Structure formats: structure tokens, C-alpha cells
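Per-chain numbering from 1; labels A, B and C assigned in written order.
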Amino acid sequence: MTTVYDVTTWSAPEDPSATAASDIGLIINSIIADIKSQQTNQASKPGAIVYIPPGDYSLKTRVEVDISYLTIRGSGHGFTSLSIRYNAGDTNNWHEINPGASRVRVENTDGKSEAFRVYRGGDPRLSSVVFENFCLDGVSFGGDENDYTNGKTGILFDSANDACRVERMGMVYLERGLVVRDTDALSVSGNFLAECGSCVELTGSGQASKVTDNLIGAGFVGYSIFAEGHYGLLISGNNVFPRGRSSVHFKNCARSTITSNRFHAFYPGMVVFEGSCAENLLGANHFLRQMEPFDPMKPYNNGLDDLFGLVHVSGSNNTITGNHFSFDVPSGSVTPSGQKPTIILVASGSGNFIATNNIVAAIAVHSVVLDSSTSGSKVLDCGDEDEVVRYASDYAFRPTP
Amino acid sequence: MTTVYDVTTWSAPEDPSATAASDIGLIINSIIADIKSQQTNQASKPGAIVYIPPGDYSLKTRVEVDISYLTIRGSGHGFTSLSIRYNAGDTNNWHEINPGASRVRVENTDGKSEAFRVYRGGDPRLSSVVFENFCLDGVSFGGDENDYTNGKTGILFDSANDACRVERMGMVYLERGLVVRDTDALSVSGNFLAECGSCVELTGSGQASKVTDNLIGAGFVGYSIFAEGHYGLLISGNNVFPRGRSSVHFKNCARSTITSNRFHAFYPGMVVFEGSCAENLLGANHFLRQMEPFDPMKPYNNGLDDLFGLVHVSGSNNTITGNHFSFDVPSGSVTPSGQKPTIILVASGSGNFIATNNIVAAIAVHSVVLDSSTSGSKVLDCGDEDEVVRYASDYAFRPTP
Amino acid sequence: MTTVYDVTTWSAPEDPSATAASDIGLIINSIIADIKSQQTNQASKPGAIVYIPPGDYSLKTRVEVDISYLTIRGSGHGFTSLSIRYNAGDTNNWHEINPGASRVRVENTDGKSEAFRVYRGGDPRLSSVVFENFCLDGVSFGGDENDYTNGKTGILFDSANDACRVERMGMVYLERGLVVRDTDALSVSGNFLAECGSCVELTGSGQASKVTDNLIGAGFVGYSIFAEGHYGLLISGNNVFPRGRSSVHFKNCARSTITSNRFHAFYPGMVVFEGSCAENLLGANHFLRQMEPFDPMKPYNNGLDDLFGLVHVSGSNNTITGNHFSFDVPSGSVTPSGQKPTIILVASGSGNFIATNNIVAAIAVHSVVLDSSTSGSKVLDCGDEDEVVRYASDYAFRPTP
């Protein structure tokens, strides 16, 4: 029984002329078919390793993963900045111009958007599918190399799944990097996901998952880390750099945790709690907000103004403690012009607890703003009488001495 | 000199009829004997890799690891939920029913409890023994598949050790997953340890170790993470889900750190400091306590009542700051009936510092209770006069505004 | 095209008599030359894997890495304590005396200090160079095995670089372990770096990097973690043990983050912000300061006295929240004799925010000292009127109740 398949040595019976270089997707699908043909005993279906050695591979056919315990593994995340390259002018004298290591160029000709789709109906959910240590390269954003759109997705988990892992991967110049729906106990760790429209999107629902120890930075069109309908999600130890429209965006997420991360952004709305977000912890994170410094990207932003908040809270009983905020925007760049920027906006909900956050700003800001619709917020040691704005009638407030 | 041994191709001189499929324990012991026969020079004993390809292997003979620098490595943690399977009724139409990847079935016939025992007398301590990326499957809990008992242990480190690693492993349906005694600078990271009676037990003594970035959830009979006699232990970035009798249990541990974790439990006693636990930091963690929602498991709990505290502190000078607590238990389920549940109980000791914790509960609770035997506790911004109960006579208290 | 090179099977055309055992540096340089000879197309330079199996290798020639996407990978970090060995007396009966696994002995005969140098001129910067899971052993500190000096460096990144990784490595008995200049989005994670003069030095400048999930402990002559001119550095989830002259030393670093670490030291100056360090977050860390307990090392220290502070801050607008400090030094060992030790010293700057830190000490200490040159510090809940010493005239102070 074969247990380790090398994409460069596999001959696909479905198309003997195909190679991993010409269509790694077709090759991996053929390998998966072979694994399934050998796994005839319900009690023993251990899966296999699909190994992608260092090299350049075109993916023209979407890979359909429908077995548990499959690991697709390369030998290097292979990231390089395509944004710098495409904005550099003449690169004829460059040593190299493309990502490398185990590099899969996402170039579907099958009408699909995704390089990899993980999907299976019936029971049980797919378990322990693993993507590890290779590079998914969207190659180009087309006419405008700075618009972060090309319709390409790296990996889509499209049915409920358990105990899966995406670790040590590299992704670059995909409109959507990783999309996982209805996940349980997912691990997204140790990855380098950057210069993608969105990097990590956890959609539908989910529980008990983690996004830890990654280097992540999306484009202005999308999310660095997005989660929907999750509870018990842990986002910790990530270095999230620009220029995502947000660093972390929760939609209807509850009882989740965002701790010990470093966030850097060029727009408001760095951490957004949208819809009904309850009982989440946002603690011990570092926030830095600056203006876009890179000329080619200066025309773009996420459309939000500085009253939206670096942290924007919709929902109740969230805890925001022990964070540092650096707001480094000159007064002339603030929008709406002449307004004081908001650092933490409680836009709705009751019982939000905001304590011991330090706000550093070169210009006058509102450290916390409580919308008039909110109630029961507690704001302790986050600024003085002028910095903490209470439009609400029901709240507790202790100014920083 | 052989440096990488594949268990599926090794022929054991001790028993040429044995295979990795029939008894991977015997095979690995034979490999270790071969490594030792080649390591005759005290100055050069580099060890080797024992590789377990994806596949199903029965372990009937305990592996005896008594050399340093041995790595036992598989190609996938291979977890799937056996709890769901065994409680699912008819699984005839399921795609698969067992864990997979590099799956070792723990089926000792040698009278031993452990699949792996790491032990050596003399000097120096064993160093840099590594277990990595395979699955230890206890297969069944026997007559009652929900009782978490079968006498099986995955890995036992049974003598003092240094710089060892258990990383990216999967464990399921073992009564005890990982047990490590007298450890120094241990790394337990990136694992998926669930549906075991206990998951991680650090016994005897220990120092300067870490349990980080894991997905862990034990059974009601045992511990998700237990440590005894440790100091300088770092437990950070873990997502610890039900249903362990505790999430983290310290017995006589000092100067250790529990930060940036997500804890979820169905019983009181989520973090327990037992005996004399001093100068530990419990900071920036998220706690969620709910009632057991899964019918087959509703008969079970850890026997503690709601006055025990979600956090139970015996010992002095501990720091508990910046945590979020969600207590989501209906009043009718509280025990003792009619009592207010306790979130943080300081059961003994002096000088405990408890500040800026946010407690969210659907019913009235006591956020902090100071036992009458305690002294010198400081409780700041953790609740109001009614929520913080001071049976002690000597304490400092500042109510949340 | 070769993609995986095994150092033990490569024959170097430059010197057919060379072996990996006799000079692994020469062998790897020959492999790199071969990779470069095959990478003739600017658009496709995927690099390769250089694999170091378990074994003992001498490095006599510095490795010159000047291509992107090269991974140098072993099969084990192989750490053992040479400090214990060299201070143990007779080791004739020891099982083994040296580090192991994929062990590279750093024994340059080429007049160079470094085992590995990563350097390239021109554009673009080197990307995605990876060092992974092998051991760099400096073998000996020479005449005095406790002086941490031998002129040997493990890895030097000597030109600007992006998206590189040093992960799961072991280093021991090097004067300098890892030195990286001018880095962007570096990952230093999962390593075991100990008994080196300095362990991690990030020099020159840098951004958006992370040092996470490591076990680290330097010698008294150097740094466990040093960073210069960095911003957006994330240091999280590390267990940093003695006996570095500091645990984390920032020189002119800004907007960086030190969270959820465990620090243990035998001298003052555990976390030092030198020069101009602004807007950094030091949160949710555990500090333990004790006296050197190991007789052979008792003659040594870092030369600082107890007025220097366990945390020493030069710079403005830093945030220090939610940390635990254990100061366990008997009064007779304090220097200058008779003085009260300082836990947090704000030595210069304005607007530093210090809140909700718990200081535990067997003897009377000053929890926070504000130098007279400082202004605008805020000190909340870090000690009482006597413990927080305000030589400054401009500050805010709220004593712990």
C-alpha cells in the first residue's frame, strides 16, 4: 500500500501526458483516486501523504479532497513579496521574481475558483485533513496589480470538518487565501499569509478552533482574519500587518478570545465585532494605526472614517483589557476632517467591560466612545473625562488619574 | 550507519515473523536495539529517526526508549472523534469509523499499561527524545464507551529528562495520554489530545517547561493539563475544551504561568491550585462554563459543586488578572440548590492579587469569595460589594464602579 | 532537477575527498553551487532542501547562503546540557556526553566566526531562507568552560531579508547563536537555544517579526533575546530561563510587544528598554528573579545592581500591565547593600503607563521608581505610597488599596 506519493513521480492513468509541472491538480486528484481505491475497508482508511518537492507547478484543475487523514505537504512556504515586485519598475536585473520552494501557481482552467476544495457529504465529517508547508501563488492580480482581485481562492473547506490543520503554508496574491466553513477544532498556525485579498475566513459556524502564531497581512479589499458564527475561537500570538480592511473581523461570534497579538493597520476598524458579538475577550494586544506610507497603495483604503473606532464593538458583555493603542495619524489626515478619532467605539449592546487600556496618540483622540444606544458599559482607567465620551445614560466610568 | 528507520520495512532479528502491522512495539524495540548496537562511541551517539508511515499498526509490546536523541515520527495526528462514533448508533454507512494517518492502536498484550515508556537510569538524564505527528489510539473504553477508563497510557516518561518534545501528536481514547515525570525544559506543543481520561500529566517535579498551542480536551475522570511540583511552567495559547474534570490543575506548583488560553468546561473547578501553589500568574484567559449539552454524557460530572469556584486557589501570592469569565448555567442546575455560584474562590493562603477580571453570568454569582482563613488578598475591579464576598478579616477591596 | 540533497550522499566536485562528517560546510556550499547551476531561469528559482540526517558532522568551512527558498533541515534539535557535563567532574560512566540528533560541530578552520552566513547583494532581498530542526554545537568554551566565549556564531543573516524562518533548531555552547540583521517578517519559533553567550540578536533594524514559543536561555555575557531598531516585533509565549544578562533587551525599539512570556533570571535587568524605546507593550508576563544557585556560576553576574530594575525603561509611552513579579533575593545579597531593590525603573521618558502589576517579594522593595527626569508617568495599582517612589514632579499615581 502506497503511503507517500510524490507528485513529480506519479503518472496519472486518467491522463498519462499530465505532469505535476503542467497540472498538479490533475495529478493530486489521480493520487486521491488511487488512495481511495486502496482504502476498501471501512475500519482502516489511514489516508496518505501527498508530497510536493521544491519546484514550480501549475494548477489547472481544482483538487477535490474527499477523504480524511490526507496530508498535502511541501518543503517550504516560499513567500516573496509580489507587491514590491510589481511596483518596482524594471526587475530585469533581479535575482528572482517569483515565489519559490514548493510553489503551486493557481491557474485554474476548469472554471473553478479554488485550487483546493475539501468537501464530503454523509457521515462522519472529514477529519484531520492537513495542508502543510507549501506555497499557493495567485501569480497576478491582472490589469491592476494593486487591486487584490483575481477571483482565485487557495483552499476552501466546503463541508463540516474536524481536527483539520493548515500549518506553515505560504500564500500570496490570491483574492481569498484560506476559507473554512463549519469547522471544529481547526488549527491555523505557523503560516505566512500575505498580499492576499483576504487571508483567513472562517465562515458559517465553528467552535474550539485556533489561529495562532501566524504572520498575516491581507489587502484593503478583505480580511486578515475573519470569523462568522464562531464560539470558542482562540486568536493568539499572531503578527498581523497591513493592509487588510481589518485585522480581525468577528460577525456574530461569541465567547472567543483575541490575546497577545500584534496588529498594524492603515485604516480604522482594526478589530470589528459585527452583528451580535458577545462575551469575547480582547486582551493584551498591541494596536498600531498609521497612514499608508507606500505611494502605489495610497489611493486605497477600507472606506471607514476615524469615528468608526480602531476597535468597533457591536454586542454585549465583551471584555477589553490590557491593550496598547498607538494612533499615529496627523490631524490633517483624519476623517471626517476636524473630528477627534475614536479608538474604541461601543456601538451597541450592554455590559461591555473596558479597563486598563493605554492609548497613545500624537493628536487628541477619544479613547472610548459609548453610543447612546448602549447600556451598562464599564470603562475603567482608559482615559480622562474628556477622552471617554459617554453618550449613553447608563454606564460606569472611572477616569485614569 | 542507519539514521532513518521505517517501521514497515524493518525486519526484527528477535522475531522475523513480526511486522509493524502486527506489533509495532516489538519492531521499534528492535530498531532501538539496532541503534544502540551502532552507538558504541560515548562521544557520538546521535540517535536516529523511527518513521511511522500512514497506516494501521497494532502495538502489543511496550516500547522501551532508553537512548537520547531518538525521534519517533509519523505523518499525521489522525484524530477523529470516537465519542461521536460510539454514541452515534448505526455507523454502517459511515465513510470511516476509526482514527487514521500514522495510527498506532494501543493493544498491549505484555501486561504493561503504556504504549511507550521513556526511562533510563544513570547519568545524564535522557535528552531530546521526541514524539512527533502520529496517532495513539486507545480504540475503546470497553463496556461503557463513555467512562474514559481502559487502563491504557500513551506515553510515559518515567525518569528525569531534559529538552524532550511531544509535538503535533494525536491521542484519543486512552485513559492517560501523556505522562511525564521530573521533566526539565519539556515542550508539549501543537498537539491534538482529546477524548482521553487525562491528556497531559506532568508528575513528580519539573521546571522551565511549556505546554503551548495545543488543542486539548480530557474526560470527566481526569485532567486536561495537570502539573505537580513544577515551577516555571508556561501554559499559553491552548484551546482547552470539555470535558476534563479540570482544564488546568496545579498541585504544589509555584511561579508558573497560565496566559492567553481559552478554557471551556461543564463543571466547576476549571483551574485548580491544590496544596501549596504560590506566585503563579493566571492572566488574559477566557473561561466558559456551561452545562453538559450531550445526552450520553449528562450522567457524568466531576463531583464538585458550584461553591468550589471556576478558579479555586489554595496558596499564596498568586496573580489573577485580565481574565474573562462566562458562567452560563441556569439557576435550576446550580448545586447546592439555591446557592450563588462562586467564580473565583480563594480557599486558603495570603497575598493573592485578583484584579480587573470580568465576570458575565446569566444568574447572580459571587465573582470572588475570600475564605475566612485567608489574609492579605487584594481584590480590585472584580465586582461590587455584593459580588465579592469577604469572609476574611484582612483584605483589600475596591469594588468595580 | 534535484530538489532534496542529503549531505551524507553528496560528493563535492570541488573536493571529492570531503565528506559531511569531515566538513559539512564545504559539502553544503557545493550543494548550493549545484542548485544555482540548475536555477538558470529568473522566473523559476524554487530553491531546494538540504537535509542533514542524524549524525555527527564537523563544520570547518562557513556556509554561504545566497539564494532564496533554501531550507536546511535536520532531524532533531539534539540539545543536551554541556554546562552540566563540564561541571560534573568524571563523566567516564556517562551514557553519552555530547549533543546529538543532526549535530553540526562548529569548528571553523577558515578564519570565519560563523557556521552559516546568509548574505546577498542586489535585489530583491533574500526571501524564505529556512533553518529547521538541527543542532549547532559550539563544543567548548575553551579554557574556562563557564565563560560563554569562544568566538563562534551559529547563524548570521548579514543582509536584508524577508519571510525567513529559524524554527525547531537547537543551539548550545556558541558565543552567539542566531544573529539577524535588517529583517522583515522573520519567524524564530519552536527553538531550543540555551547555554549560548547570546541566543537571539536582531540587529540593525527590523519589522513585523516574531519570536514565539521558544525555550531560550543565554549566558551571563549576552542576551537571551536582543532587538535593535525594530518595530512591530512580537515576543510571545517564550520560556526564557537563566542566565542571560537580560531576558529581553530592546535598543531603540518601538511599538513592539512582549506578552505571555515566562522570564527567569539571576540578575537585575531582566527586560531592558535602552536608548529610545517608545510605545511598547509589556503585558501578562511572569518574572522571577533569584540568586544564582549553581556553585560554578556563582562568581558571575551581569554587573548591574538592584537599583537598575528588573524592568528598566528608557523611553516614552510604553505600557506595562498585568505582569507578575517574584523577587526572591535575601536582603544580604542585595546590592548596593542596604538599599531597597527596584522592580520597575522608569529611567527616562514621558507618558509611561504602568498598571495592575503584582509584585511579590520576601524583602521590602520599591515596586516602581520614577526617575526625576521623567514626566507624565501613570502608575496605577502597582503598590502603595511607600512602594512607588516618585522622584519626578509630574506623574499620576493611584496606590493599590
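Details
Rule of thumb we're sticking to: a residue touches a chain if its C-beta (ideal position, glycine included) is under 8 Å from a C-beta of that chain, and two chains touch if they have at least 3 such contacts.
As the structure is a computational prediction, the values presented were derived from the model and not from experiment.
Interface of chain A with chain B: the two copies contact each other largely through different residue positions, with under half of all numbers used appearing on both sides. Between chain B and chain C the CA-based rotation angle works out to 120°, given as a multiple of 5.
One simple way to say how far apart two chains are is to compare their mean CA positions; for chain A and chain B this gives 29 Å. Under the contact definition stated at the top, the residues of chain B that touch 2 or more other chains are 213, 236-237, 259-260, 283-284, 321-322, 356. Chain contact summary for the complex, chain A toward chain C: residues 8, 53-56, 75-81, 84-85, 88, 91, 93-103, 170, 190, 192, 194, 213, 215, 217, 236-239, 241, 259-262, 264, 283-286, 288, 321-324, 326, 356, 358, 360, 381, 400-401.
Taken in their complex, chain A has these residues touching chain B: 1, 3-4, 39, 42-49, 67-69, 71, 120, 122-124, 127-128, 130, 162-163, 165, 167, 185, 187, 189, 208-210, 212-213, 231-234, 236-237, 255-257, 259-260, 279-281, 283-284, 317, 319, 321-322, 351, 353, 355-356, 378, 380, 396-398.
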